[in-house]
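What follows is a pair of complexes built around chain A, which joins chain B in one and chain C in the other.
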Partner chain A sequence: MKCKKCGAKASVNMRQHKLALCKEHYLEWVPEQTARFIKKYEMFTHYEKILVAVSGGKDSLGLWDILVRLGYQADGLYLGLGIDEGINYSHESQRLAQKYADEHQLKLHVVDIEKEYGQPIPVLADKSHRGYGKPCAVCGLAKRHEMNRIARDLGYDVLATGHNLDDEAAVLFGNTLAWASEFLLRQGPVLPSADGLARKVKPLCRFYEREMTAYCLARGIEYIYEECPFAEGSQSIYYKELLNQLETARPGAKLTFYLRFLEARKSGELFIENNVERAHLHPCSRCGQPTSAPDICSFCRMIEKVNAVTES
Partner chain B sequence: MKCKKCGAKASVNMRQHKLALCKEHYLEWVPEQTARFIKKYEMFTHYEKILVAVSGGKDSLGLWDILVRLGYQADGLYLGLGIDEGINYSHESQRLAQKYADEHQLKLHVVDIEKEYGQPIPVLADKSHRGYGKPCAVCGLAKRHEMNRIARDLGYDVLATGHNLDDEAAVLFGNTLAWASEFLLRQGPVLPSADGLARKVKPLCRFYEREMTAYCLARGIEYIYEECPFAEGSQSIYYKELLNQLETARPGAKLTFYLRFLEARKSGELFIENNVERAHLHPCSRCGQPTSAPDICSFCRMIEKVNAVTES
Partner chain C sequence: MTVKLVLREKEYEVKPGMTLLDSLKRINILSESVIATREGEMILDDEILKDGEVVKLIAVISGGSMSLRSR
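Coming up: the complex of A and B.
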């Protein structure tokens, strides 16, 4: 297999794009494509300040690397979740995020959940009795809350996450199996900003997971190989496996599924307009972040519950 | 496992409904449910004449049996497709359809494609070069055309087919993976009548395939076990297998997928109204059936092409 651009030996073959590239041209192609997606979905401009949610994994470190290479003003945010599970997960992922930042002289904000709220994620989850024995729901809630808080407090315009196509297609698949209207009408590469909420964007949403792996390997970016230990057996991993079966039978199926959805949403040929009112958001009386819950937001309520349990 | 109704030994266990029944109560339950679906989706009344498309398989014979047991005026239509493939498929399926009709003193119309149009389905498909070497596209076209023609010529109000949940969910899955708007906005248990087109209904759309198998076995209905030999390797069978995986992991997933789709369609919370105009249908200048194609309908065009090839 030869590189389509220069004829040298290809190191990445993308059947879904009928495209093979050598390492050098692959490292050009990925940012070019990313720039195209950023423009196509009107994610942000070079004048805006971007906060990249960095987990230490290949997607978020790859994203940060690409954005910096494209000349965007992108700082990182690492959230210390306090997940250990015998593999020192959080500690190791923080080390790798910090290593990347240091090597490239980039600014990485580090926020530690335990320092801020007294307990690491697994304990918060346990004490708040949310999520049926898994900390994933509380973790998601905390991450959304903290990312928004930091973006707002530090004056970032945009919050960028490293969700790739496999992530997005799996979420779409789950929402579709349940025909979850509210989520289907909202899912996309850009969630517009609202009062006190930064715009959220997913510049990697059209890259296959393996494309991001290849990018990080080719760039020599050291990232944490392990998935979060709590992800094992999750619905989302199950959906990814099903979609991978489909992809193997028909290369490109996953991308088509996601892109045709975005097209159908945009064209108005299938779905109604998203008429979810953002108007009913009001500031949480505790943290000031926008919430649709009465009085205080879900995150503050969770913390309150944990504190009550801990003190009693 | 005990029958929920009488406590006797259950012979059918439906995990998806959390319901186990003995043979006797299962044979009551299936028609009761069917009657409920007929009413819920406003399929037809006892005053209307129903033509059941009978293939000799479990679904269509089961459907005919249920409708007759429920007191509906239901005659059968068997279409002789001329499929042999070394297993005498059409001949055997016709024999079983006729056997059921004779044993129950029911009227079965038999229409033979070869007698009507000079060639059996595989030859029509071959000569018309449709469907990439598989006769399935031509077979579908011919079945739709002939069913409509007979229903209209013989004055039936409704055309009922034996599509079960597995069939419907597989079609929905395929349409969803491609976000095929036109099909998604139309798919459902009832296709309303239009000028010269009988209403089409699928009273078994909420029964799992295995529920229909169990019904026919319990009723002692002899049906053809073989699938059409041309179905092997089809997209639809592939989707059925994927959905069966999902169903195994989460009993009821297939039913939820289909029912939530129908609900979302009906509620208007997700999809736009189906605004496909039926107004642009006009009668085919050859057969008189409604068509959106200019001048003659796709079926007549196919037959014309085959005749031209055959004569030359």
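Coming up: the complex of A and C.
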């Protein structure tokens, strides 16, 4: 297979685009496309300060790399989750995030959940009895809470995450199976800022997961290859595998699924937009972030529960 | 007369002379879910694998805390 641009041997083939590229042209194509998506979805401008949520994985490090190559003011945020499970997972992922930052002279904010809240994620999950024996729900909750808090406290205009198309399609698939209309109406490349909520953007939302892997390999970016030890058997991975079976039989199926959803949502033909409201959100009496829960938010309630168990 | 394919700690052996895509089908791995490299260079589905070659398969799927919501 040959590169469509120069005729050299191709390194990456994207069947959904009927496009094969050599390494050099692929490394040009990815930032070009990212810039196009940033503009199309009006994510941010070169005048805004961007905080990139960096996990040490391929997507977030790839995103940071692309944004810096495109000339954006992008700092990183690493959240220390305290996941060890015998493979030093958090320690290794932090090392790789820091390594990338140091090699490119970039600023990386590091926030450690245990230092902030007294316990690492697995213990918070265990003591709060959330997530049916797996810490993933607590991990997601804590990450969303902390990313928003830090973006807001440090004065960033926008929070960027490395969600790729496979992530988005898997969430969409799960929410569609459950007809979770409220969540469906909120999903998109940009989640606008609201009272207390930072604008969140997903510049990689139209790249397949394998394209981000290819980007990091081609760029020589060292990322954490080991899967989070708690991710094994997760619902998101199961959905991704199902969608990849579909993609194998029908190239472009994942992309069409996501893009047609965005079109339908935008046109208003999906659900009646009036059903979406944030009017019931109010500031948490503890941390001040918006919540629909009475009095304090789910995160603070979880921390309160953990502290009560710890003290007893 | 074999080609070795390695995915994480697992090793698979297939006959030489097949394409990468056919080799992956033989060992029940979706081409969509991996990137194949040979001597550090990415190779594509139509590449014919030769005797004695070692192909490293890099899993592309990751997941975990993604809950079924958007915020």
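Worth a mention:
Here, the second predicted complex is superposed on the first by the 308 of 312 C-alpha atoms of A that agree within 3 Å, B and C clash if a C-alpha of one lies under 4 Å from a C-alpha of the other, contacts with A are read in each partner's own complex, and residues count from 1 in each chain.
Here, contacts are C-beta pairs under 8 Å (C-beta built on N, C-alpha and C of every residue); 3 or more make two chains touch, one makes a residue touch a chain.
Values in this document were obtained by computation on a predicted structure and should not be read as measured data.
In the superposed model, A:A249 lies in contact with chain B only, and not with chain C. In the superposed model, A:E269 lies in contact with chain B only, and not with chain C. Of the two partner chains placed by superposition, only chain C is touched by A:L191; chain B is not. Which of chain B and chain C touches more residues of chain A is settled by the count: it is C.
Once the two complexes are laid over each other on the shared chain, residue contacts for A:F257 go to chain B alone; chain C is not touched. In the superposition on chain A, A:L21 contacts neither chain B nor chain C.
When the two structures are aligned on the shared chain, A:L77 is found in touch with neither chain B nor chain C. When both complexes are overlaid on chain A, the residue A:V12 reaches chain C alone and has no touch with chain B.
When the two structures are aligned on the shared chain, A:F183 is found in touch with chain C, with no touch to chain B.
When both complexes are aligned on chain A by C-alpha atoms, chain A residues 178, 245 touch chain B in the first and chain C in the second.
By the touch criterion stated above, chain C contacts chain A in their complex at residues 30-35, 37, 41-46, 58-71.
Residues of chain B that touch chain A in their complex: 176-179, 181, 184-185, 238, 242, 245-246, 249, 253, 256-257, 260-261, 263-264, 268-272.
Residues 1, 10-13, 20, 23, 57-59, 136-137, 139-141, 143-144, 166-167, 170-171, 174-175, 178, 180, 183, 186-188, 191, 197, 200, 209-210, 212-214, 217-218, 225, 227-228, 230-231, 234-237, 240-241, 244-245, 247-248 of chain A are the ones touching chain C in the complex.
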